[in-house]
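In this document, chain identifiers A, B and C correspond to the written order of the chains, with residue numbering beginning at 1 in each.
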Amino acid sequence: MTARLAALVVAAIVLVTLPYWMHGVYYVNVASQILFYAVFALGLNVIAGYGGLVSLGHAGLFGIAAYATAYTLAIGFSHTAAIVFALSFGMVAMAIFAVLSLRASGIGFIMITLAVGQIIWGLAYRWISITGGDNGINMHGRPEPFGISLSSPYAFYYASLLVFVVAVAAMTIFVRSPLGAALMGTRDQPRRMNALGYHVWLIRFYACLLSGLLTSASGILFVYYNQFISPQALDLTASAEVLLMVISGGAGTLLGPIVGATLVVVVKSVVSGFIERWNFLLGAIFVAIVILMPEGLVPGSARLWRLAFRKTPPAAAADKAEEAP
Amino acid sequence: MTFWLLLSVNSITFGALLFLVAAGFTLIFGLMRIPNLTHGSLFMLGAYFGATFVNGMLGTVFNFWIAALLSAALVALFGAIVERLLLRQVPGQPLAQVLVTLGISFMVADVCLMAWGGDPIAVPTPEGLLGIVRVGPLVFPLYRIAVIGIAAVVGILLWLLLDKTRIGAMIRAGVDDPDMARVVGIRVSGLFTIVFALGAALAAFAGIIGGPILTVYPGIDQYMLPLALVVVILGGSGSLLGSVVGSLVIGFIYNFGQALVPELAYFVLFLPMLLVLLLRPQGLFGKFVP
Amino acid sequence: MNALTVTGLNKSFGGLHVTRSVDLNIEPGERRLIIGPNGAGKTTLFNLITGELTPDSGTIELHGQDITRSPSRNRAHLGMARTYQIITLFGQDTIIHNVRLALLGLSPQRWNPLIDLKRQSGFTEQGQKALELVGLGHIADRPLAQTSYGERRRVEIAMALAQQPKVLLLDEPFAGLSIDERRDVHQCLMAIPRDVTIVMIEHNMDVALEFAERITLLHFGEVIVEGNRAEVVNDPRTREVYLGH
């Protein structure tokens, strides 16, 4: 327990002091991106990792919150009003998304979420009067809470860090809670959960709402960061990227989506600097992870660590034998 | 009046093209129980190969039909390799297989971009099918009518394959009940490779056939895949008849939607799919619920 | 009033009539055994009673209350518990967590997104008690992945008992067990108090016959013979069903 606490303290210190030792605005900005993409991945992880419901349309909801922010600002809302509206609108959209998608699970769920994600993309692309179509919506300026302008990359970093910390705290509490345990139960044995007295659909619905909250928050940070939103931010590639963040880090773990987001953002930033082949790399990493390390980097490395440092034969082999059916 | 008639004929043509794409998709979905997210990329790959053969490669210009068959064969081979080398690594895990097909679609799309560049490539209409058809005051390009004929021929060939051949019977058995099929000695995993390759071939063939109408450009994969998905969900998994009906319905909805409500065209397109998923998840003629 | 009353229950899948006009009248505290050859529709009958399948016609009453239209989850709250033919436990968790989930399902706390579940001593204590009833109290913290098949069967029973059911449905509880394991499970079942009515599906005749007070024989979805042990065993129709195969 103390080792974990120590690691947490070190991580906190590193993150809080980051702008001081990370020289260069560019790197602070990358750090900000990692933070809000991590929130996005944590949001998807609620239903995909803990709920067992893989969504290929999550970028659609991310985009809805982003568009809502940009649009309301453009028509004259204050920053506070825009953010509140975007969060609420995003949650409502998620509720509708959930009602449609939760008719199915497994492959059916993937297909419905893919379709809904495409519909949202199609609306963003075609409903030019509202979304500006391919041209997107430009934004001007960031909020100034308590007189601190978030236009400064350093201030924005701390704002992202704050949202990130709240998201991680919320997830930690949720995962340990009865509702969290119930959600994981529905992932592993939905039929049995039903027979035990749980309302499987409603549990999943609440999980979707939590996911929607985190996803909308990250969408709002995204659009404030970029000062711009276009349909590209919510296409299938974007949904695939956030899913990759979740599964590459480790679906159904707390640390996994954070590690995954770091991996994807860093590789994307670094790679884009040298070659244009990000999409190829995205696809290749996807296939590699699914085939070679489906549990993700965090559980995968933990397993390898344990194997490497064991003196007695690993219990892993015995586990596998028992898990037969 | 002529406007609506023209729109209708275009809808049928588009539906015919969609059928070629959806037929392969529905076979793969029916037998392997996975929506093949690579299908759009295979369409695009076939179109690019075909365009290259037709426009001239290494000094040789291929006849349109030969180019189409060659292209389909190449992509079928690619499909077989993907199935054996990659999908086989995660047997019995449909979720993992879907994600693998997703990853491959990104790789194929990027390779196409690298190989053929970002500009659209025109595919010349095959000789003999140039020209127009006149019916009263209506004028249609001959090729578009021909596409309907081609799709009909392919449809009949597929139906014969499934209904009259031994392999077709095995495929149908696998679609209806894969476990039972294994029990009676059908090598279902071998069938997977064949069906995946066949589906790939059909997608590629559709790509080159569609070439003179749509041209070939980066992003056409992301244009075709959702359409195939909608058709198959509407028509029903594993059903050839479903693909026919679904393709025609979507062909009409898409074209009329574009003409009448361009801002909501995409929304209108997916609506029937959502309705089906909500009300009758196995589709109109489907064998199972996804 | 019967503990469980089934009247005229019918279910068809396409052209296959799997459950034909089944009537069951099970008294409170009774030990009822349901037997029949493979494909007789025994598990289907269970699935209809627990609500996982909807009947085409007929009614089901639990202690006088009509539950025919009640969803599965409500039946658990009304006092129905079951075990499964194929083990469906939460393989990634510990034994005690499995039982904890069974307890949580009936508690309003299952909606709570804030408290720490593992710190709720109530669930842990009750879970421990249920595990002791099946002789697994000493390994409560063991991960399920490190348990034997027989131990997992007993975990299932512990989960069902933890729900303090009025009617307990056991689907082949002895399947795949060694002789020693069978004896252990038999002991747990015999120790269950009479305020729980038990309905069991079993193939394994030695242990099951010893346990049963009344037996219902199903064949092709229909009730063929019903009565006490002696009546059913000696009935010529029983022999016909099993040997005429």
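Going forward, a contact is a pair of C-beta atoms (placed from the backbone, for glycine too) under 8 Å apart; a residue touches a chain by one contact, two chains touch by 3 or more.
As the structure is a prediction and not an experimental result, all values here were calculated from the model.
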Exercise. Going by the average position of its CA atoms, which chain sits the greatest distance from chain C?
Worked result: B
Exercise. By C-alpha centroid distance to the whole-protein centroid, which chain wins?
Worked result: A
Exercise. Just how far, in Å, is the C-alpha centre of chain C from the one of chain A?
Worked result: 41
For this session: Please compute the C-alpha centroid of chain A, do the same for chain B, then give the distance between them in whole Å.
Result: 33
Seminar exercise, completed: When centres are defined as mean Cα positions, the distance from chain B to chain C in whole Å is 49
For this session: Over in the complex, which chain A residues touch chain C? Could you list them?
Result: 173-174, 176-182, 185, 188-189, 191-200, 206, 210, 315, 318-319, 322-323, 325
Exercise. Which positions of chain B touch chain A when the two form their complex?
Worked result: 33-35, 86, 89-90, 94-96, 98-100, 102-111, 113-114, 222, 226, 229-230, 233, 262-267, 269-270, 273-274, 277-278, 281, 289-290
Seminar exercise, completed: Listed in rising order, the residues of chain A that touch chain B in the complex are 54, 56, 100, 103-104, 106-108, 110-112, 114-116, 118-119, 121-123, 125-129, 235-237, 240, 243, 247, 277, 279-280, 282-287, 290-291, 294
Seminar exercise, completed: Within the complex, chain A is touched by chain C residues 50, 52, 72-74, 76-77, 81-82, 84, 86-92, 97, 100-102, 104-107, 109-118, 120, 143, 145-148, 159, 163
